[in-house]
C-alpha cells in the first residue's frame, strides 16, 4: 500500500505520461477544430513517433511493377489482387494485415512500406 | 439534440467477436496512460446498457453473430458502432473461413472502420475523431 | 331523559367497553343463520361502537382525570370515601385508555379485513366470537383496577387467542402452535395467580391502587414481583421467553397475527403497570429495570437475527415483532431504572418512556399493516414460503407500496412513524448508556436488511408463471391497509401532536403513582 | 415569517449548489485519480457532460422489471440525497432545515439512497443487479455499526461536557466545536473516531475498495447493470450529492470552524467562509475518497464485512473508550 | 468443450452465468456457475465462441502465408505460434537455422514474454479492482512495445519469424536501446513486485485463492506458469532447449527456486510470472552479449523457399515455451504448395481444465482473478463447433475418441499413398 501510494504521489507531481494526440481534450466542435487546424490556428499534437521500417500502409507503384504476381502469392489476406482487366495489382487497404511480406518479395520495389497508419474511414475502399 | 455533450462523453462497450486479441490489447493500451482516451470523456463500461458506442473487434464467428445483434439492441439510442481491426471490417486474414458469418457490417450497421492489424492506439483515436465528425454531421440536421 | 341516558352511557363507559364485546361474542354464533356476512357485520358494528366509546372515554380521562368505576355500585363512579373498596373496580387513566385505543383500533381493522379474508372458511362465527372475546379480554386487562380481574381477563384473552391460533385446525402446525401458546399461557397464568395469592395473603387486598398504597416491601413482595415480571415478559413475547411467538403468529390467520400483536402489548402494559404503580417505590426496582432493559436488548437482537434466515413470511415478521418489543422494553426500562432519580428522570427518563410508549402504538400500526399485507400475499398466492413467491410487484403494486411503507416504518426511516418513536428512544437512552443507542440503531439497520430481502423475494425477482393471473386484493381488504398506512404517515409527519395528545399523558399517568392510588384510597 | 420565506428560498439554492458542487468534486476526483495514474484524465467538467449526455439518452426498462419501482427509485435516491443536504450546515450557511434530532435524521436519510439503489436493482430483475443489490445491503449493514458508534460517541462527549444541550442537533454540534471540550485523552479518542469515520466514507459512497456492489469486473456494474439514460443520470447525481452531504456532515461535526470567527472580513466574511468550506470539503473528499480509492484493490464482500465489523468497529470503540476515560478523569 | 464438476446440494443456490460477453473476460467464453450465497458450487464453461477454423484455413495456404495466419491465432503470443510453426516446418524440411537467427528469435520471444507478463499483471490488477496498478504497469509496458516496434516494425504483430530464420536483423544501433530498456525493467519489475507481492490487501485477495495442487496440475496437464506455480518444474526451454536456449542455461522457475513456499494459488502465479520477467531480461541481455555475426535466414529469396517446401513430404512437430506455457504445432506436408494437415495445441487450451478445481468453493468476487490467473486468452483454444442442422450436439468422450481415431487413421493412410 505504501509503495503504490508513494509512486502515485510521485506521478501526481510529475507531468503525465500521456501523448496528447491530437489535442488535450475533446474539442467542442470537431469540425471547427479540424478547420482551425487546417488554417493553422491550432496546432495538432503529433502521434508517438514511429521507428524507421514501420509497417504501415503499402504503396504500390504501377510503373515499377512487372506483374510477376509474386506478391499475390505470399499475401496471407488476399489483400493484393491482380486485376485482369486493368492489368494492375489492386491493393485492398481494409484486408491488409500489414505484414510487409509483399514488400519483401517484390523483385522491383514496386511495393513500398509507408509510415501511414491513421487510416480510419467510413467506408471500406 | 446536443451532439456536443454526446461527443465529449462517449461510453464504450467492447465486444470481441472472434478477434485474435491483437486489437483488444491495443484498445486496452488506448485506455492506459500513454494514450488515455478518458481525457476525451471516453470510458469503458461494463454493460451495453450504459454504452453509447459499441467497439467491435473480430470477424464475427457463427456463434457470436446472434450475441452481437442482441448486444447491439441492448445499447440505448442514440448509439454508434466502431469496428477496430481489419478482420472486423473484411475478415482480414480469416477471409475464407467456414465458421465466419461476418464481417461486422453484415450483422449490424457500422459507422466507422479503423483499419490495421492491429491499428495503433493513435489510429483508434483517429477513428474516434472520424466518429465525432460523423455524429456532428448526422445530428446537425436534426436539432 | 335524553340527557339522563347520555349520562348513563358516559358513566358506565368503562364497563360498557368490556361488556359490549363480551355480549356480542355470545350473540355472534346465533347470527349464523342470517349468513356469514351477518356475523362479520355484527362484529364490525360492535367493535366500532367500542372504538367510539373508547375514544369518548379517553377524552374524558384527558379532560377530567382518572375515571374509576365500581361494578354494581349505585353510583359507580363514586367510591366509598373511607375504608376499602369491596367491589370490583375498573380504573381508567391515560395509559390504559391509550392501550385500549390502540388495541381496539387494530382489532377493528383486523375484523374489517377478516370480512373478506375469512370468507372462504366455514365456521367463521366461531372465529368472530373468539375475536370479540379477545377484544373483551384486552379491554378488560387495560381497564381493570384489580389484580384478580387482571388474571381473569388474561385467561379470557389467552383462551380466545389459543382458539384463534388453532383456527386452521386442519393444519397440524396450527394445533401445535395453539397448544404451545396455551401451555405458556397457563404457566404464566399460574405464576400470576400465585403472585396474587402471595399479595392477598399479606395484605388481604386485590385492588392495585390499594395494594400500592399498602406496600411494605417484604421478601414475599419481591417474590411476587419476580413472578409477575416473568409471567408478563413471557406473555409479551420477549427474549428469552419468546419461543411461542413465531409459532403462534406464524400459524394464526393473518388478521389474528395482527391482533396478537396488540394482545402481547397488553401484557406489556400489565408489566409496566405492575412495575410502576405497584412496585414503583421499591428500591430494588432498579434491578428489575435492568432486567427489563436486558430483556429488551436481547429481544431486539435475537429477534432480528432469528428473523433473517426465515423463509416463512409470517414467522419472519413474528421474529421482528419480538425485536420491536425490545425497543419498548428498552425505552420504558430506562425510565423505570431512573424512576427514583428525579434529575435523570427529567433529563432522559421521561423521554425514554415516551419513546417506548409511543413505540407501542406505532408498532401496533406498522406490524398490523405488515401482517395484513402478508395476509394479502398469502391470500393471493396461497403460500407463506418466500422462496415460492416472486415478481408480484407488477401484479399487486398497491400491496407492494403498502409493504414498503410498513417496511420503512418498522426500520425507523423518516418520514414514517417508526422513526419518530425510535428517534426519541435513541436520543434518551444514550444518556443512560451510549451502547444501548448503538445497539438500537444497528438493530434497525438489520431489520431493514431483513425486510429488503422479503421485499425482494415477494415483489421483485423472477416472476413465477403460476402467479400470472394474480390480481390486486379486493377493496374491502385494502381499506384497513390504507387506513393503517395513512395513520403511519400521519403519525410520522406530525409526531409532536401525537406525543402531546396521546403519549405524554400516558407516560405521566404511568409515573403518577400517587394519582392512581389516590382515586381509590 | 421572513425567516420561513428565507428558508424556503434557500432550498433550491442549496439543491442546485449541492448538485453543481457534487459534480464538480466528482470531476476533480476523476482528474486527480487520473493524474496520480500518470494520465491526463478527463476535463474537470466531465461529469456535467456525462450527465447531459445521459439525460438525452433513451431510458430502457428491461422486460422483466417492475416498472414503477424501477423508475421511481432513482428519483427517490436523488431527492433523499438532496434532502440530506438541506439538514447539514453547508458552505458557511446554516442548514435550511433544522430541528430536533436532525443528526439521527441525517443518518437515516443517508440510508435511503443505498436503499433506493438496492430496491431499484431488485426491481430490474437481472442476476447481476440482484447480486449487486445483496452486496449493497451487506455493505450498508457493515458500515452502519462503526458509523453509529462514532456518531453516538461524539454526541456523548458533547453531552457529558454540557448536559443541557440537545446534542443530536447538528447546528448545536457545529456551534460547539467538540474539540473544545476534550481533555488530552478524549482528544485522542476523538481523533480515532474521526479516522474511523473517514474509513466509513468510501463504504458509504461505494468507492473502491468497498465498491463490491458495482464491481465492474465481477458483476458488470452490478446494481446499475440495467439502468440507462435518465435513470442512470439520476443515480449519478444522487451519488454526487451524497458525497457532498457526507463530507459536509463530517465537516459539521469535526471541522466546524469558520474563518469569520477568527478574522473579521465584514461583509465579505460569507464569501471567505464559503471558500474555506470548499477547501475543507476538498480535503475530506481527497483523503477519504480519492486517495483510498487509488491505493487499494477492491475487497471481497466478506472482507468488507470484516473490515467494518471488526477493524473499524474496534477503532471506533477504542475511540469511545478513550473519550469515556478522558471525560471521567476530568469530571 | 464442456466440463462439469458438482458438489453440494441444490437447495438455496442459483445459477449465474458469466459471459459470453462480460467485462472481466476480454474474450467470449461462457461460464455457468451454481452459486450458494456468494460461493461457487458448480462450474461449467463453454468455449467455441471464437472458433475461426484457422487449422482448416491452413490446409489451403502456403507455409509463408501460414506464418501470418499463425501469428493471428493470437495477438498476444504472436511470436510463439509462428515460432512453433516454423520449427515444425524446419523439422520436416530439415532446414538448418543460422545461429544469429536463433539468437534474434530468442530475443524476440523473450521480449514477448515481458510484454505478455506485464499485460497479465495489469489485467490481474484490474480484475482485483486495482486500476491504479493497471495503469502503472501498462505504462511500464509501453517501453517494451516501443522496443518491439523498433526492431520488428509493429507494436503487436511482430511479423519477424520466417521459415529458416528471421526477417529482420538487430543492428548495433538497436543494441543500446534494448539494453537501456532492460535496465529500466530491472528497476521497474522490482517496484511492481513490491506492489503486487508485498501489499497486504493484495495479499489478502490472492493468497490461498484459486489453489491448484501439484497433483491436480499434473493430472490436468497444466503447462507454463500455471503449472510451475503449483510446483511442477516444467519448461520447454529447460527440458528440451532449442534456438538460443541451447547456449544458455535456462531453469524453470517455481516458487521453490526463488525460495518461497509453494501453495499453487493466485499469489504464486503472480510470483512466478514476475520472476520470469526478470529471467527474460537476463536472457535478452545475455543474448545481446553473445550473439554471433552472420546470416539471419536460411534462404532470403521467398519464391525459392516456397518452391523448396513444395517438394517436402512428412510430418513434423514444433514446440516453444510461450509466455503461458508450451505451444505445440503439428504439420504434415505431402508435396503440395499447401499443408495437408495442421494442428495447434496452445497453452491456454491445456490450462483450461485447471479452472475447475481452482474455482470450486471460490467466492463470486474471486472468479475474475482466478480465471485471469491462468492468463487465459481464448482465441487459440476454441477447438470446434459442433453443429448439426444448426443445432448444438454434445459429443461424449467415447464418440469423440472414436472420431479422433478415425481422423488419425485417415491421416496415416495418406502417408502411404
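Should a chain be cited, it is by its letter among A, B, C, D and E, assigned in written order, with residues numbered from 1 in that chain.
Following the convention adopted for this analysis, contacts are C-beta pairs under 8 Å (C-beta built on N, C-alpha and C of every residue); 3 or more make two chains touch, one makes a residue touch a chain.
None of these values were measured; they are calculated from a predicted model.
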Chain grouping by contact, computed as though chain D were missing: A, B, E | C
item	value
Chains contacting each of chain D and chain E, listed by label	A, B
Identity of the most central chain, Cα criterion	D
Reference chain C; chain at largest CA-centroid distance	A
Distance between chain centroids, defined by C-alpha means - chain A, chain B (Å)	18
Chain centre separation (chain A, chain D; CA means) in Å	48
Between chain C and chain B, distance of the C-alpha-averaged centres to the nearest whole Å	64
Gap in Å, rounded to a whole number, between the CA centres of chain D and chain C	38
Residue list for chain A, restricted to those that touch at least two other chains	1, 4, 8, 11, 16-18, 24-25, 50, 76-77, 97-99
Interface hub residues of chain D, defined as touching at least two other chains	34, 36-43, 216-217, 220-221, 294-296
Where chain C touches two or more other chains, by residue	none
Those chain pairs that satisfy the touch definition	A-B, A-D, A-E, B-D, B-E, C-D, D-E
Complex interface listing, chain D residues touching chain C	64, 66-69, 101, 104-105, 107-109, 111-112, 115, 118-119, 122-123, 125, 130, 133, 137-138, 140-141, 144-145, 148-149, 152-153, 155-156, 159, 163, 168, 320
Residues of chain B defined as touching chain E within the complex	14-26, 28-29, 32-34, 44-47, 58-59, 61-64, 67, 71, 87, 92-94, 96-100, 117-118, 120
Interface residues, chain B side, partner chain D - complex	1-2, 5-6, 8-9, 32-33, 36, 38-41, 45-47, 49-50, 52, 74, 76-78
Chain A contact footprint on chain D (complex, rising order)	32, 34-43, 291, 294-296
Residues of chain A that touch chain E when the two form their complex	1, 3-4, 7-8, 11, 17, 50-51, 53-55, 70, 73-77, 97-101, 104-105, 113
